[in-house]
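See the structures that follow.
Look for chain A in each of the two complexes below; its partner is chain B in the first and chain C in the second.
The block that comes next holds the complex of A and B.
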């Protein structure tokens, strides 16, 4: 297994290089001059302009810029700054905790609600609970996240005042409940459907019938022979989600004014700030890659038939 | 006096049982229709019937494990005198495991893949209040040993996927007997296993249930097996019990027409008869003659691939080595799946390759079909080495002359192709005839395999297993091949259907002068279809001879073992 982990870790190197190169190229091809984004509409002398361009290596070819960037990132250079002159690592360090908390909360909601509801629906397939869940999941899946976000923000935040409508820079866990729920909604619907199908399939499995024939009570059969077997595919799906939840936080963070990674990336893209944009995306890519490695290893823990060599 | 009473009372009594499945809002499919039987303590009875006859449904209703919409519609099930067909959940739970045990059909799917085998047996002990904790762990090892599993202590800590099929079935037997039930339902306990393993398992089950005094309800589709293992037979046909009585009596004097057909057609029994040998000899004579005419034609034609030789396929020292991953990630281990196999297939005859799973017989078939390149060795088709066929046209011609029929008719037909499309496809691929000609050819082929032309517009899902296998044969014959390679072509079929398909293959061989390479694990069918036999074990040929030689005078221990394992082989019949 360690051989497998080592192989997977080695694979992250080309993934990192490739991802950053592609994003660097995309930012480079973006129309407009990043200097304008930086200084706005104020008149500025060509000399100053040139000086700034030199400072950020903007006159070099894009491959050279990318290599400068790599050097700063790989050595964790504390003087590595974005176009706004602020240190990039500092910014990410400040923004990451709130996004990570948001994503983990969303993940927990996804797992708990999705698995519980899905299991009940699967055990009583084609009953009223199952049908109601199906309709609700389909509705949730088909409404765009920003519609749900704004509606819930208005209803629960502004009208009823149960949750704070916005989060801001100084956040606490309770502030994040509503944003996390909005973020999790689409995933909850999918997790529910997945769990439901998996449970229903497992209920009719041969080994479940054998377990019943052994004289096990219904509760024991469900707990020992249906649930764990059904959860293998579900856990895989939920695990992979953590990466996409962090990446997908841009819209939710925008709606609820969460000062997280998503907002940071959004602002950096608007500015044409290549160092910040690419670093943020690279962090996302790395999180995604590591999450999928963890999920793969977890898969082997849940299912003894899977062995990595 | 009381003792006499308890011993004469049946353990299980089923009276006029009717079981149905709800298939629509109002429609009900009756799966068991008025079945009655009784089992006395310690007695073994066998329920025999084809798939869909309701034998499994009957068994499952006894233990209240009917799938889905199945339910008891009428009649009684009495266990030790108590009515259990409408008992509440608690009473049923109390019966399961501790009074009625189950050994299910498919050892591959009946163990939970995520739990260690020992734990799954321990569950039975705990649930039925036999033992808990460390004493249960100890008991599990004893039970596994009792079921004939060597090295039980280590095995108990392994997962099902680390077990072979036979070992899993032993674990399931240990599980079924764990709480010492009075009645054991064995639902086709060995139909998924190799014959030799089957014999071992059944022998063991016999001894075990005898020693423990457990009554057994054995469910099987194989009449020979049933007669050998049970003293009392119950024959089911279309949900009804058509005949029941002492095993030997039924075999020697079957009354119901269905039983009569079963007795005359079951391969395990038919293979004992001399008549099948004579019938085979007649077919061969005719086939060899037709084949010789074809060979003559081939030899004088330039357009043909072959040279019209007498040995249509010659395999020379075929070897296939697969490279597997070793214990260390950078290590590689060579595994010889087929090791130096040579044989000849004479025109118009059948060569059977017999062996257990893993013996390499299917790998040989794939190499002969040119679907898998051999590591070394050659396949010579009618004088041409198939490895030296370079041009696409020549390869296509080879494909025309050699056609396969595979084991599973459910998997080898495209479910989205109509029967017509399936049979017509090879003709279209090889650009044969116009649309009209192809259609008449398909009609002709369906006629050859005795299917009505009305099936043309139907889909594989609407046909039975036997019908599907006929379609697969028709498809193989579409290109007028000289050789048909049947890879376990009848193994997945019910005995009667199996007999029909074998008959069809025999007829076609006589009529068309076909040569068959017949791959099977079942020696019982060999006598009805083959002329020469190759017995394979672990990739090597251990015995190669004519059929009568192998049956009457086997030279190798392994061949003898295979012959002994044919169920019902020990039963002598008058006819």
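The block that comes next holds the complex of A and C.
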């Protein structure tokens, strides 16, 4: 198994190189000159413009720019700065904790609510509870996240004052409850549907019938034979979600003023700030890759048929 | 056997998941206790993360500019109405033709590190800002001074500006390229702030550390925490400050926001005291919102669209007719009301109503009023000279709020009134639009705007429409206009305003840009905030805010 883990970790190297190269190419292809955004309406002499372009290697082809980028990242160069002159690693170090906490909280809400509700719905297939959750999850899936975000922010934050309406730079876990819930909503609906179908399928599976025929109690059958097997697809979905939760938090972070990774990426893309954009996206890609590794390892725990040699 | 292997697997997964969670919690615990109990309360104001080091000559956007204006004092300080009072300067005297200015500095002026503010603190900082080797974005502000080129960089081969001479510790002279009677009005702008000697390293470069935590001479200084990246900038009153903007509050915190909407929500719920703008989503409601105090008045930023001189059909007499026809085809009040909910005021000239000497009666400004009949007649007259062909397109940047809506509305108005094919043309970002504008590859009229650098009507005219001026994006050139602006800048009092009016009349005839509206200054504050007044920059006088 350790060999397997090592192999997977080695695979991240080409993934990292490929991903950053593609993103660099995309940022390079973006029309417009980021220096113009920096300069604004006021004229700047060609010398100053060229000096700034040189400083960020903007006159080189994107392959050369990319190699400069790799050098800075691999050597953890503390002077590796974005277009605003601020060190990129420091920016990410400041932004990552709040986004990661937000994503983990959303994931926990997603997993707990989604699996519990989905299991109940699956066990009582086609009952009233199942129908009600179906309707609710369809509604949740169809309302855009920014509508839910603004409405909940206004109702619970501004009007009722139960939660702080925004998070800001000084954040605490309790500030993040509302944004995490908003972030989790669409996923909760999917997790519920997924668990429900999976549980429902397993209930009629052969091994469950055998277990029942052996005379096992209902609770034992459900816990050991139905639930465990039903969770394989759900765990895949939830695990992969951590990656998309971190990346997909841009809208939520905007609404609730969370100074996280999503916001950093959004601003960097807007400004054409290649160093920050590519580094942030590379971090997201790495998180995604590591989460799928963890998910793969969890399979073996849940499903005795899967083993890594 | 199988069980134990599975347990080990679970262990690996758990450790991996656990370390992620731990990393997540690492930065979360911050001490929230603030020095409370003082009678003077700290005011929280809207801000954004500065995009440049906090160096006066490097900062050209509001995220860094607003804190800088409070951390530094220039030779003069702006009063709320846009007039100036001497601040660090004891006197600023001109020679007879206003080309050489002698500045004397008050005694006992200090930076917050204790070092004195001397003539050298200014001259060295300005030389630094003008030298292209230092890559400062505010070099442009030095262009009136002798020894700089037209964009304000030191002339080739020189490291220093020849027009700046230190006479003694407290005195220096500024020699200008041309006579300019209101030159001191410029000197309150942040590019002209002094910088202490401790800011420079051995090679004479301003250090990174200084850019993160500048030492100034203004009404405020940075607190111990100072600039916390992506969080806030905290200022406290400078006890040694002796100028006219003495802080009335216990300090300022510029809280950073990703979106103006989030900041507005925070004002509604009392988490933010001052938001110096209103998001488009709240424009219809903010004045009736009982949770906030609302402010809305005409402001100093001017919107227009420029029709470049190089466009076919827009040159000479035909061009004048077509430009006037298009201007008269636009119903400005309809757009400012329907699209901007009266947060814009239709323009009646090329400057701004908040300035000294402004008048709504500039001769020739009837061309800025909606007049469908006259517009059609002028367009038809132009067609007689040379038949119109093609499409009238209006370029705008789609990342500015309301740009799309007004460009579409305006294109429709032009289309309906003149019966020609007119359409908006979107550029996704501001820098994309600026790129095609600066390299002159743009082949359509485009949206332009101007926010003054210093409170003078001339600052709305000379830098944009004078021949060869730095921001003359449309390459407009009119000798008579150049002469009038030059004369006006040397003249004083009513004579000056008369000349400015004449210059504007020429612009109204040639219409190098079509004036649209003045952007209103809008703001919201919490209910208990006092002392909010817009200054000429559409910003509050931060030092006067209390609660």
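Here, the second predicted complex is superposed on the first by the 308 of 309 C-alpha atoms of A that agree within 3 Å, B and C clash if a C-alpha of one lies under 4 Å from a C-alpha of the other, contacts with A are read in each partner's own complex, and residues count from 1 in each chain.
Here is the rule we use: contacts are C-beta pairs under 8 Å (C-beta built on N, C-alpha and C of every residue); 3 or more make two chains touch, one makes a residue touch a chain.
All of these numbers come straight from a predicted model, not from anything done at the bench.
In the superposed model, A:55 lies in contact with chain C only, and not with chain B. Touch criterion met: A:207 reaches chain B, while chain C stays clear of it. Legend: residue contacts after superposition of the two complexes on their common chain; A:74 is shown touching neither chain B nor chain C. More residues of chain A lie in touch with C than with the remaining chain of the pair chain B and chain C.
Of the two partner chains, chain B is the only one touched by A:225; chain C is not. Of the two partner chains placed by the overlay, only chain C lies in contact with A:42; chain B stays clear of it. When both complexes are overlaid on chain A, the residue A:301 reaches chain C alone and has no touch with chain B. Within the superposed three-chain model, A:170 lies in touch with chain C and out of touch with chain B [touch as defined at top].
Of the residues of chain A, those at positions 304 touch chain B in one of the two structures and chain C in the other. Considering their complex, residues 3-4, 204-207, 209-218, 220, 224-225, 228-229, 232, 302-305, 309 of chain A touch chain B.
Partner chain A is touched in their complex by these residues of chain B: 63, 65, 67-68, 89, 93-98, 101-102, 104, 106, 109-115, 120, 123-124, 127-128, 159, 161, 172, 175-176, 178-179, 325, 329. Only residues 2, 5-6, 8-10, 12-13, 16-17, 20-21, 23-30, 32, 49-53, 60-61, 132-133, 135-140, 149, 151-153, 208, 211, 228-232, 255-259, 261-263, 265-266, 268-269, 271, 291, 399, 427-435, 438, 449-451, 470-471 of chain C touch chain A when the two sit together in their complex.
Taken together, the chain A residues at the contact with chain C in this complex read 1, 5, 31-45, 47-48, 51-52, 55, 83-86, 90-91, 93-98, 100-101, 103-104, 150, 153-154, 157-158, 161, 164-166, 168-173, 253-259, 263-264, 266-267, 270-272, 290, 293-294, 297-298, 300-301, 304, 307-308.
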